[in-house]
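Next come two complexes built around chain A: one with chain B, the other with chain C.
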Partner chain A sequence: MRDSRATRLLFKVGAILFALIVTTGVLFLAKAQPFAAYKYITLGALGSWDVVTNVFVSWVPLLLATSGLLVTFTVGLWNIGIEGQITLGAIFTTWAMRLLEHSGWNPTLILMLAVLAGMLGGALWAMLAGALKTFGGVNEIFGGLGLNFVATALNIWLIFGPWKRPGVASMSGTIPFDRSLWMPIAQGSSRLTPATLVMAIVGILVVYAMIEGTYFGLRLKAVGKNARSAHILGIPTWQYMMSSFAVCGIFAGVAGAVQVTAVYHRLIPSISSGYGYLGLMVAMLVGYRASLAAPVALFFAALNVGSIQLPIVLKLDSSLAGVLQGTLVLFVVLGQGVRSRILKKTKVKS
Partner chain B sequence: MNNSALFVSLGGVLASAAPVLFAVIGETISERAGVLNLSMNGMILLSAMGSFAVALSTGSVVLGFLAGALIGALVSLVVVFASLTLLQSQVAVGFVLALLCRDLSYFLGSPIMGQVGPRISQLPIPGLEQIPVLGTILFRQDMMTYLSFILVILAWFFIFKTRPGLTLRGIGERPAAAFVRGANVNRLRYLYAVLGGAIAGLAGPIYSLSVKAGWKGTISGLDGIGWIVLSITIFGGWKPFRAAFGAYLFAFLQWLGLVLQPSLPSVPSQVLQVAPFPLMILTLLFVNIGNAEWVERSLARLPENVRRDIAKVLRAMNATPPAALGVPFEKE
Partner chain C sequence: MRNISRFFLLMLIAIVAGSAAFAQSAPPAAGPNLTIGLVMVGPYNDHGWSQANYDGVQYVLAKVPGTKLVYIDKANSADRPGTTVSQLGESLVAQGAKLVIFSSDDMTDEAIKFAQDHKDIFVILTSGSQQWKEGKDYKPLPNMINIMGRMEYMKMVAGVAAAMTTKTGKIGFLGPLINDETRRLAASAYLGARYAWVNYLKKDPAKLTFKVTWIGFWFNIPGVTSDPTQVADDFFNSGFDVVISGIDTTEAVAEAAKYTAQGKQVWAIPYDYSKAIDEGKGVSLGVPYFNWGPAYANAAKAAMNGTWKNHFEWNGPDWKNINNPDTSAVGFNKGTLSKEASAAIDKFIDELGKGLNLWTGPLNYQDGSVFLKKGEKATDQQIWYLPQLLQGMEGQSVSK
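Let's look at the complex of A and B:
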């Protein structure tokens, strides 16, 4: 077997088939009808213009998170703390909105400042994980996980404490912002906000250009491939790690800002909606390269939105989307291993 | 609170630490062999759900516990197969499995959510339970809590006092040297990772058949435990007794959060429940800071006697991971 585009594609297709087989098996185990489940997921994601716009609403924060993660993956860092960074972005955004909502300023200006505040929040939280890693020797995975829990606690404390609704605080979040302070919604749609779509598309293009076309990106790659030799060649490794954390935090912060200003219009306990972890999966699936991130994130968003109806129409839990996404990433990773094993054997023989 | 109620609750702290202990000891064995099993969080959820489902349909808690161990072993098998045989990143595979197993448990568990099933009962030890104070705290527990005490001692004895234990440390520390001395590194890594997975898998049924009996889906309160387990493993410095101390400290802090709740009405309960996490980060920082290069450099500048004292404190807290943790071994 030769290493070619064709064999690589073959393994990708194989991974998709295996993921479908396993998920179908899981559905049989749950005594459900697989074809009905797949049909309703497809209908739930593509059935009407309204659900299609919902897919894009979910695509924006997912792609933003993935874009940020591609930068940290390039320097070889596992930024699992991204969930907390999204949450802090949302908290800072809400804080700015609360500060300015009665100022009488132009709503567009307020929204722009709120997104900037979100960037700041995400970046600060990411740099905290970065500082723990570079100065404290705490592995970014464990530091990040701990910071995720702290961010959740901070968020819940704000919702139930200082920022609680007048009267009784509840899990439904803070009091919604005035309609004039919502991200403007496109005509003929109920939730689609063109401004956030632009942010996501510009974001992934910036990341692509940064990694593939700049000196900064080249150095990031050098650190990621071999931090020691990069250091010996005179690249200040820790500065590059810190900057990649900061960049990823900015993207996560924007994702949090989008959740607050365009999706929920308030702060809720689970404001990050798991987009950070899902972004890690998308980044793994695209082999940490920016070129495929947008379409794959769209597919994952479609699965998420498509499965929302499952509990109602088929009495199945909507976590089926996660099962399908998880098996898909797992088989792609396993497939890479099998492929390189076979390639190695053929090389030895020839 | 009067004293006897306090002792009963302290007994409860020991019981609620039992599943964490099993998981931490399992992970410690696996990481000692050089295999980082990051799937812990999803694996505990899946084994909790799976073992409850098995116990519910068969009426046997024993089969439930076996199912939990089996699920733990199988998930670990996927991690080692992907990393040792297929040479893929342990972190990547472990993380995917952490999410996949969590979603699987929610999906497959939804039909049995909220059902009342079998659970293991208290097993007071005759005689010993009469001892004042200690009897109430230590000897009115269930089987698995007693086993958790024994497990810590067994694991310590095995790792540090036996010949196979020496080899176990060898394959995680210097696999090449262990290989030269005749150890089949990869086979042993398979063995210990799967064994560690099976032990950790018992954490699930200890929750669903005892500590938090039943399966309640996303509100089970189990999501997150696995990540704590991984932090406690580091805090424990890959030593069973220190790990046990970490597990008890965590259980105690969570209990303290519940006790303090009435006296701090302004703080929502969800905040107190996560109070141990910032503490975990701080401890990770203390445990690791001695490894950082700049600390060594700045220490070198201090006067000799001060330096020696600080270095001593740092060394006491310090924990160094097995040198070959997460690194695949190839014979060439």
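Let's look at the complex of A and C:
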């Protein structure tokens, strides 16, 4: 077998088919009508302008997280800690908003500063994971995972403690910010915010340009392909790893800021909404290529939003979307593994 | 020409006035068919708060012809990450809902946003007080109604059941998060317990221990709240032999059953849902529960026939029969009780029906400051917004 574009495509299509077969099997086991389920997911994501805007609301933080992860993946790092980085971004954003909400400053300025604070929070938390790896020898997966737990604990402590509503500590989060401090919502929609859409689109374009078109990106790739060789060739490896953590943290921080300023308008306990983990899946699915990240993230967001219809219409659990997303990633990665194994065998034979 | 300009001017005034009037008024009557959307914070079959709401709407479907239900449960950011409650409400609207019930105080911010964004949809925010003119949070929204039951009475009954049963004189209250509602309900249970302790058992009130432990939310969220199972165990392991549950799920009953099976007789009182006692046969003293059906049915009828007006209702029991499904907003379903305890409960309910008011001074707040002077009766506002627990109760009054 030759490693051609066609074989790669064949494996991808096969993976999608397998994922659909497994998900359909799960639906049969749950005694549900698979086609009805797919129909309602589609309608739930595309059926009206309202739900389409909801898909974009979900797409923005997911794409931001994915954009950041593409940078860390390029240097060969598994930045599992992105969930915590989103959370810290949200915490720093909330902190800035609380500090400035009664300042009388222009709301746009306050929002801009809040997003910048979010970037700072995400970057610092990411660099902490980076420092643990570089100077402490802690694998970024374990360090990141640990920091995720710390971030969640810190977030809950703030919501139930210093930032609680007057007299009430509530799971529904801190007291919402005044409407004047919400990211401006598009006409005709109840939650789509054009400013955050721009952030997400600019973000992925910047990452694409950075990885594919800059010397910095080239060096990141070199470190990712073979850190030792890159080091021998004079690339300061650890500095590049730290930089990639910082860049990813900035993106995660923006995602957190978006969650606070445009989606929930307050800090809530599960503020990251799992977009970090979902972003990891998107990045894996697109083979760490920035060019495909936006459409695949949109597809994942559509699945998430569309699946809300399942419990309403079919009394099915909406985690079915997660089953489909998970199996999709699993089969694509599996397909890549099988393909490279076959290719290796073919090479040895020839 | 002048006539034409006058015509346009009049038209303009009519449009402006019309749209202003529409903005100020309730949505138009839904007519003979009404789809009700129900948003629940927990699972629809949780044997607690959410199920009581679910059953309430089932009552509407049975009693009000032309009604239909679409629902979404587990509407909280931990169970449905990335979604907002108002977005879930919109999903129900997409399925035809013209009346959406947001059935938790925890949904207040999102329910208000939803009501403001969808002025053509009728909204019920259960347990909120935003449409209470005399309330502190009054925020008039023509399409919103607040409904709550006067659970305080039934918590008092639960307190009587606990006091008449405890052998150690130590009653635990498994509390959710700390807010006005939960403070007043815990205080009601204490008032009932103290009343029975002093008046029926003729015991010294100083010898009654009543301790409140809050878990942080209405149900267990691992890693976020304290574990209610653990809190119930802590009570039972430290001499408390009756635990009154203030949370939406039934851990206290399950733990009481476990301890009793191991030879340590203890009891629990669940909450919210009339059949919650079924889980703890032999250990469950009874359950104070909500009967949302009649109030939801009235609201549905108002939406259908165009008599909807935003308001707040705080519905009491039907003292003739507190368990009448058609007339009583709150009730108490008796469980395993001694003859004396059962008789005491009947007597207490009878006294309440005849005007006994336990919110009468002298009553002090937990910190010793005066809440009600001798003979002074609390107003509805003083009860609804109770700022502290009462003197004689142990536990946190305010979230720290």
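Going forward, the second predicted complex is superposed on the first by the 344 of 350 C-alpha atoms of A that agree within 3 Å, B and C clash if a C-alpha of one lies under 4 Å from a C-alpha of the other, contacts with A are read in each partner's own complex, and residues count from 1 in each chain.
Just so it is clear, contacts are C-beta pairs under 8 Å (C-beta built on N, C-alpha and C of every residue); 3 or more make two chains touch, one makes a residue touch a chain.
As the structure is a computational prediction, the values presented were derived from the model and not from experiment.
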First (chain B), second (chain C), both or neither touched by A:T237: neither
Between chain B and chain C, more extensive residue contact with chain A: B
Touched partner set for A:F160, first chain B, second chain C, both or neither: both
Chain B versus chain C as contact partner of A:T7, first or second or both or neither: neither
Which of chain B and chain C A:T152 touches, first, second, both or neither: both
Touched partner set for A:I141, first chain B, second chain C, both or neither: first
Partner chain(s) touched by A:T24 [first = chain B, second = chain C, both, neither]: neither
Touching partner for A:L132 - first (chain B), second (chain C), both, neither: first
Which of chain B and chain C A:I312 touches, first, second, both or neither: second
Residues on chain A lying within both footprints (that of chain B and that of chain C): 152, 156, 160-161, 169, 269
Sites on chain A touched by chain C in the complex: 44, 47-48, 50-51, 54, 58, 152, 156, 160-161, 164, 167-172, 176, 190-191, 263-266, 268-270, 273-275, 304, 308-309, 311-313, 318
Chain A contact footprint on chain C (complex, rising order): 70-74, 76-78, 80-84, 86-88, 90-92, 94-95, 106-109, 113, 117, 177-180, 216-218, 221, 223-225, 387, 398-400
Chain A residues touching chain B - in the complex, by the definition given at the top: 26, 29-30, 78, 80, 132, 135-139, 141-143, 145-147, 149-150, 152-153, 156-157, 160-161, 169, 269, 277, 280-281, 284, 316-317, 319-323, 325-327, 329-330, 333-334, 336-338, 340-341
Chain B - residues contacting chain A, complex: 38, 78, 82, 85-89, 91-93, 95-97, 99-100, 102-104, 106-108, 110-111, 217, 224, 227, 230-231, 234, 266-268, 270-271, 274-275, 277-278, 280-281, 284-285, 288-292, 294
